[in-house]
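Each structure below is given as structure tokens.
Common to both upcoming complexes is subunit A, partnered first by subunit B, then by subunit C.
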Partner chain A sequence: MSKAKPLGGRIFTPTFMICLMITGFFIYFAAKRFIFGIGSIANLNDGFPWGIWIAYDVVVGSAFACGGYVMALMVYVLNKGEFHPLVRPALLASMFGYTLAGVSVFLDIGRYLNAYNLYLPWQMNFHSVMFEVAMCIGTYIFVLWLEFSPAFVEKWQLKNFGKILNRVVFALIALGVLLPTMHQSSLGTMMLMAGFKLDPLWHTSSLPLLFLLTALFMGFAMVIFEGTISSRVYDLGDETSMFSKISSIMTWILGFYLVIRFQNIFMRGEMGHAFSGSFLGNMFLLENLLLLIGLFILSSASNRSNPRALFIAAVAILLGGSLFRFNTYIIGFDPGTGWKYFPSVGEQVITYGLIAMEIAAYTLFVKIFPVFEVHKPVESNP
Partner chain B sequence: MKQEEFEKVQKRLGNVSRRDFMKLCSAVAATMALPGTVVPKIAHAITSPTRPPVIWLHGSECTGCSMSLLRSEHPTLEKLIFDLISLDFHETVSAGAGHQAEEALHKAVEENFGKFILVIEGAIPMKDGGVFCRIAGKNFVQTVKEIGAKAGAVIAIGSCASWGGVAAMDPNPTGCVGVQEVLPEKKVISLPGCPPNPYNLLSTIIHYLTFNRMPVLDDENRPKFAYGRLIHEHCERRPHFDNGRFARSFGDEGHRQGYCLYYLGCKGPVTYANCSTMQFGDAGSGCWPVGIGHPCFGCAEKGVGFNIPQFTTSPVIHTTPAAAHAPITLERGEGVSVKSAALMAGAAGVAIGAGAVFTAKLSGKEDKHENKEA
Partner chain C sequence: MKIKRRDFLKGAAGSLALLSLDVDSSQARTVQALPPDAVGILYDSTLCVGCNACMPACKRANNMQPDFTGDQEVWDNPQDLSSDTLNIIKKFSNGTGEEKDSETDGYAFIKRQCLHCIDPSCVTACPVSALIKDESTGIVSYNKDACIGCRYCQVACPYNIPKFEWDSPYPEIVKCQLCSHLVEKGGISACCSACPTGASLFGKVSDLIIETRRRLQMKSGKVYDFPVSSLNSGKFHQYKAAKYVHHVYGREELGGTQVMYMSAIKYEKFGLPAFPKESFVSMASGIQYAIYKGMVYPLVVLAGLVFMVKKNKNTEEAENDQKRTDSEGGVS
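For the complex of A and B:
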């Protein structure tokens, strides 16, 4: 039994209401999509079959949701028990992140009613990267809910279920570490297949490795980002000492990533392209500048124990990592003459709605279920 | 097949080059949709000294099938046919005449008893004992019965031999029938068409030589590799049919544009043959009836050719017209609009603003708390 407790308190806060309102817009556009088809709300076309729904909701969103992955890796695989208080909030965010990525894919596939075929063994194509990603993410969503389910067990006193869960939880955690390792690298493999359509600054056989590394450091950055916000918002007490330890691990991964990234560009002779002043060259520089800012801030030990510097670094790293993924999936992707794409209002509202839903569900769950361990007594509970 | 091996038979093949010979074998394999690995087998079968000979008889017909074979424009094809498939007897291209020719026929039949491939071109008149077609003082029906009984395999080439064709057209005064009716005890492979593509015959014979059995046949004994599909299915004008673009009379705008000839009476939708993929009579690319602007008249289909009038519209079997057709101009997506840009800028602004406010409120030191309600 963990020391986590439900926070309680008022549910219908202004933040929650705004999120619900945006979710309302989401429902309107989602209904329109299901009744009149994708074309009625989206700018997706034959040249850009993957738009913001895939690029943000799945590719970037699942990297944001890698907090649960990296914390499970740290605590259960590397046995760093000291970070245990961070696991459950990270899992909660991952759970919603991945679930809503699944929702987004459901909106994005044309014949959504055929989606069940994914789970029929005789329909499976084991040579498809897309199948690997879909199966892996589809399974990981269930694994995340089960990984989080001890919170339900504690809340509702589900003793029998709790006993079963205790017996299989090691397998769930092993899956919870294995699956993201698989599909996060496969997200890179998918764009490897884009061939010459993808700009050489992003198209490299190292894409799977780069995607896996971005998932790792973005997961850590997300834990810091989320933890900083929730500790302030819910008055949970200070977690900076834990964050500073996490950030030093993250710094090594980030440094390793940047070495590989630049070595790769040098090796393929694309450095001139990067500094050519072209739009894509500048996007490459911006992406890596953001990551370098994060690396630079975190390289000093005093900054690592400073909440503000930590927060800024985490945001810079999240933005840089996201930009890398956006660049790979949309910005650096050129399907041929004349094709253009910019997310339409409907597409954007769907994405914002998913983010709003995530925030709303997160704030709801932390108040109802035992997620956070409070370090200091709460003086007032409005 | 190695060069040394080939040199032994090169002279017999009319001094064709090894390259041309292997190209023919590949073409034959491709016609039957066989894999490339059987090409060497085909080459060996064709050059084998013990391969069964072909004996070719003519009945009530125009010799068009033989003509189409002779006129094959593939280089050295006629040479290859006569030397390759060991055509021991062919009435119309025989050098000898009269008793001499008749002797050659019977000698070839006796020598290859039970082994030879009998190709019959032309229908067989049955009325009045078959007196309407007599060769060497014998009714043709008698000849077919006698020689057919001794053959290893029987192929009916052309529509006449397949079911009577033009000779059996209504009112069929001579009572013409196809070979199968005269030889009910044998499985007669039919290659209908007026004339059929010479490659279909060549491929069928070479299949027999290579594998010692006939190719897969449909229920009318036609080889499936050639007659498995409707002409309509692979027609080069099919997209016009699917999109409703038709020629309505000869020489009109649609006809000149090369639109679908369905309303001019094209029988492609009811005729099983490979004309649309193999072309017709090996006359060269695009030189088949539909390709030159004439509707198919269904020569290869019993009950269609010589039966339904040329300009009568045929029924469409296996109809799969497209519900909607692909657009001619492709939309290439929409770029940024004022609304979408404004929304994204607004969302980014809110995020940056909230982030900045939050960052400003964060202390530079540990352990100080904000108390903001969420």
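For the complex of A and C:
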């Protein structure tokens, strides 16, 4: 079916070994958390009940993992078949991104053994944004593994499973587009409940839309970012033409986002606050400056076909989008009465560990499963 | 086919617009009303002498551990609400701190605890209904067997009330449950039983509201009867009425609360924020509710997506087959 092939090659590369080492530290802190409680490794407190495990691992991490979502949207819903080669690598990255966000949630929630209550109809609270997000993300992780499973089918020749899969694959792909649309916007709705605790630069009823748009352009930026690195590291050949097409779509979404963002701030009379020179005002400006840099670079057609410019723009956009999400969940959040929060070493190691696992698992999978299509002209084929 | 796709996109754009709309929450969701038999507390700061009798009484009634501050490990002296402290008397003081109930050079006390909101953010936030509001007493109680420990209730509570047992391997959320175990048996909350002055007064919320009106009409300096422990305890003390601020905190804040405050100094002085009448709950869950009500929108979108994916996937496969036969043809 697909033209993708396992890349093969050495598995225990230096990168892989470093990732394993960081994972080792992760295991130490995770064990400590389960034995002595969250307070033993984290600076979380009753004023800042959510820290980087939620803000980075889940809220930013899942936006980074939106590559699979946007590529499925492009190829299967908007019928842009030309991007097909990008779908599977993006799905793989999304699959690990979301799975590890799930792991992070498991470390973060205090009463993890009670998680089954989310699935008991008489316990479900349909008014709760958290309920919707938890259900959607939980289901989406499962959907991602199934969406990726054709790679397993091809690798292990699972004929029967493949047949079943082929019959339901439409529904899977459709769910794979619907679920992220739902929970990515709900991640924004989530912080509406924080009320006055969230600074007005971020507390707006447009948060759901802003979160959905950031998910979209960060998803595209991640496809470019990962794609550029993979095509260097694995020598996949030139994919710039595909990336430049993606980037022009991304530019439109980004432009639309920025218009809404500033119009919203203006309409609510918060422009003065934004330019007041205060810490939060500056964070707002920084977040949007990064996005504007990305937009500016990509507005020129020649930059869009230059791999280096594309890469820099993607990085700026990823940073800007992440900062927006960080600001909404931590930096712009102030419960009052003097609470402070800065992530502890333990919290950071857990996060680094999750990133390391993601990279290790990704590099492992592309070597043993058919993920990438190589576009390089194959050397003489008699 | 073309038209259908456009229709679908229109639908999608419609739901996008919904996402960004200021949904009129009063339509999207009915705001909770006060249950007729709701019980609560009226805390009158002007009557509180800061004896702290309510604090150990609360600990005893709820089997809570003492909370030590500083080097000593002898007596309970919490600095704020915590996972060991459900109820605390805090002191405002200014300048020389000599005169009671004066904003300058004075002092005053405030009792902090869960206010048992009429439209509680924590209850709306909790994904697994571990926090629920009793339909008759209105008490907001916690069920540790359902709680997953996500702490959304902490983020959502506008008064920063729910606390988390950060140092426990299997932590619980801790907050005042208005001694529901005592109320169930016809009793009253331990803090109000213990209060010697009647500053903490237990009663039916509707009756407490009448009592607040009576107090607001008192002439400051004149002596009146003030009930002790509960409105119908039959016990009274006589005090000179203070010069009340003409505002009962909790009467309307964010939809109102069942624990209410009266005071002779401004509530901001105690760190109690000035809130609008409408709760933040309505905003978030109004949007959420408008989109996900009955799951109609999501299912319509899903149906549209399945249709489009199926069509696109079929054409793609047909093209692939075409190419395959072409190239095979080329080779042979």
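The rule is simple: the second predicted complex is superposed on the first by the 376 of 382 C-alpha atoms of A that agree within 3 Å, B and C clash if a C-alpha of one lies under 4 Å from a C-alpha of the other, contacts with A are read in each partner's own complex, and residues count from 1 in each chain.
Everything below uses one rule, namely that a residue touches a chain if its C-beta (ideal position, glycine included) is under 8 Å from a C-beta of that chain, and two chains touch if they have at least 3 such contacts.
In this text the structure is predicted, and so the values were computed from the model without any measurement.
Participant: After the alignment on subunit A, I want to confirm one thing: do subunit B and subunit C clash, or do they fit together?
Facilitator: After superposition on subunit A, subunit B vs subunit C: clash.
Participant: Should A:F342 be classified as contacting the first partner (subunit B), the second (subunit C), both, or neither?
Facilitator: first
Participant: For A:D46 in the superposed arrangement: first (subunit B), second (subunit C), both or neither?
Facilitator: In the superposition, A:D46 contacts both subunit B and subunit C.
Participant: Let me test your reading of the model: by the given contact rule, A:P6 touches which partner, first (subunit B), second (subunit C), both or neither?
Facilitator: Neither partner.
Participant: Please indicate which partner A:P200 is in contact with in the superposed arrangement: first for subunit B, second for subunit C, both, or neither.
Facilitator: Neither partner.
Participant: On the A-aligned overlay, A:F126 touches which partner chain: subunit B = first, subunit C = second, or both, or neither?
Facilitator: Touch status of A:F126: second partner only.
Participant: Would you check which partner chain A:D238 touches, where first means subunit B only, second means subunit C only, and both and neither mean what they say?
Facilitator: In the superposition, A:D238 touches subunit B alone.
Participant: Using the superposition on chain A described above, determine whether A:N306 touches subunit B (first), subunit C (second), both, or neither.
Facilitator: After superposition on chain A, A:N306 lies in contact with subunit B alone.
Participant: So which one touches more of the residues on subunit A, subunit B or subunit C?
Facilitator: C
Participant: With both complexes overlaid on chain A, does A:G162 touch subunit B (first), subunit C (second), both or neither?
Facilitator: Neither: A:G162 stays clear of subunit B and subunit C.
Participant: If both complexes are laid over each other on chain A, which piece of subunit C (79-87, 151-159 or 259-267) hits subunit B?
Facilitator: None of the options clash except 79-87.
Participant: Which subunit A residues lie in the overlap of the subunit B contact set and the subunit C contact set?
Facilitator: Common to the two interfaces on subunit A: residues 44-47.
Participant: Spell out the residues on subunit C that touch subunit A in their complex, using ranges where they run on.
Facilitator: Touching subunit A from subunit C are residues 16, 19-23, 29, 80-83, 121, 124-130, 144-152, 154-156, 158, 160, 162-172, 271, 273, 275, 280-281, 283-285, 287-289, 292, 298, 301-302, 305-306, 308-310, 312-313, 315-316, 319-320.
Participant: Under the stated contact criterion, what part of subunit A meets subunit B in this complex?
Facilitator: So the residues of subunit A in touch with subunit B come to 10, 13, 15-16, 43-48, 228-229, 232-235, 237-238, 240-241, 305-309, 311-312, 315, 338-345, 348-349, 352, 363, 382.
Participant: Applying the document's contact rule, which stretches of subunit A touch subunit C when the two form their complex?
Facilitator: 1, 34-40, 42, 44-47, 49-50, 75-77, 79, 81, 84, 108-115, 117-118, 120, 122-132, 134, 169-171, 173-175, 177-178, 181-182, 185-186, 189-197, 205-206, 208-209, 212, 260, 335-337
Participant: Using the touch definition from the top, list the residues of subunit B that touch subunit A in their complex.
Facilitator: 330-337, 339-341, 343-344, 347, 355, 358-359, 361-367, 369-374
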